[in-house]
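All chains are identified by letter, namely A, B, C, D and E, in their written order; residue positions are counted from 1 within each chain.
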Amino acid sequence: MRIACIVGTVIATMKDERLRGRKLLLAREADLSGKPNGGLFVAVDTVDAGKGDLVVVTEGSGARETDFTLGLPVDAVIVAVIDSLETGGEVTFRKS
Amino acid sequence: MRIACIVGTVIATMKDERLRGRKLLLAREADLSGKPNGGLFVAVDTVDAGKGDLVVVTEGSGARETDFTLGLPVDAVIVAVIDSLETGGEVTFRKS
Amino acid sequence: MRIACIVGTVIATMKDERLRGRKLLLAREADLSGKPNGGLFVAVDTVDAGKGDLVVVTEGSGARETDFTLGLPVDAVIVAVIDSLETGGEVTFRKS
Amino acid sequence: MRIACIVGTVIATMKDERLRGRKLLLAREADLSGKPNGGLFVAVDTVDAGKGDLVVVTEGSGARETDFTLGLPVDAVIVAVIDSLETGGEVTFRKS
Amino acid sequence: MRIACIVGTVIATMKDERLRGRKLLLAREADLSGKPNGGLFVAVDTVDAGKGDLVVVTEGSGARETDFTLGLPVDAVIVAVIDSLETGGEVTFRKS
């Protein structure tokens, strides 16, 4: 899974009917300190993530293995909001 | 999912029979302002997208989770035409 | 899907039995003018593509959604031979 | 599959309910000597891997082909802890 | 599919039980002349490939469409040992 930072939202009226009512968030891959350092992509939210949150994103067919995304035409879903990242005995990110 | 800009069309007579009558669009990954900045690829249209539109593209097996693409040999489908992108409280793209 | 140019063939005697009799082609990703500009990969042919052809390649599980590739251990299939590419009102590639 | 080094852990309270009780580890792709040299990602552990271990990671739908990950919204799972890597007649990595 | 060169082996005692008895090989993507020029990865062997062999590797869910890998937590399988590569009328690689 990818670590990503939520940076915005996508507004779209014309969309596949299965996506109606779904929140499409803009995300960027992030590093161990939670700073965006990678590519931009769109993910469906299932855990009430908000702007600025550092999240775990599942991609591919696994993105449809949640109660909220089964059978949807999506390839990326937010499965967790990160409280903290620990590496080498140090906390490199903590949710504020 | 990817944010992409529709830049053209693919014309092909010799193709898999399941693709007959399907619109194959040329797309390029785009940034938050809607400008193409990434790789070229081909996506099937399901939401009546046109040239110049900024769209959301679903890839992989999820591309076949729409009523129009079930069972087709495709790996990328346009699932939404973007009205606007918002990030950090600003609108970085608005459909003209 | 990817746009690719057929650049050669793979000859292999020792192979998975499900691949016996299948034509394995060498391909390179190509740009809007049909010139190879990307990575090398191998794709199964289903539409009688030949050397020099510009083609559309479907990857992942979608590569097995044709009558010829169902249940095969493949991840890339040629689904169309491109006649022309049009972008911005211009024809950037035409099959010769 | 990828060779990766376990570099830390992800702590998350708000997460998809199917991920409750699952250990989410931070990993980085590694080279033949076991040194991290690539991108950061998150993987689910199934083989009791720990920090500093060099592991084999399976991605995509294959990540759900274990007894512990069936039906989970994950796209990367640790399937082996590496004892040693051998290349060209030399051992380039040995677990300490 | 990818063209890759077998460069070594992975030894692992602690692994998913479905991988017991499976040969895990180290591979590197290769160019038209068979020289390794790309990323390192691990693939399961099904065609008795050995060190130095140039092979075709299928990735993703297609890696489990062989009699030997059905239901295994793998994402890359060797499906062919390459005898020769031909491009532009020339043989660029021949198995020695």
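Please note the rule applied: a residue touches a chain if its C-beta (ideal position, glycine included) is under 8 Å from a C-beta of that chain, and two chains touch if they have at least 3 such contacts.
Values in this document were obtained by computation on a predicted structure and should not be read as measured data.
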In whole angstrom, the CA-centroid distance of chain B from chain E equals 33
Could you tell me the distance, in whole angstrom, between the mean C-alpha positions of chain B and chain C? 20
Find every residue in chain E that makes contact with two or more other chains and list them. 60-61, 63-64
Graph class of chain-chain contacts, one of line, ring, star, complete, other: ring
Ring membership in sequence, chain A leading and chain B after it, reads A, B, C, E, D
Sites on chain B touched by chain A in the complex: 1-3, 31-32, 46-49, 56, 58-67, 69, 77, 79-88, 92
Contact residues on chain E for chain D in the complex? 7-19, 24, 26, 40-43, 51, 60-61, 63-64, 71-76
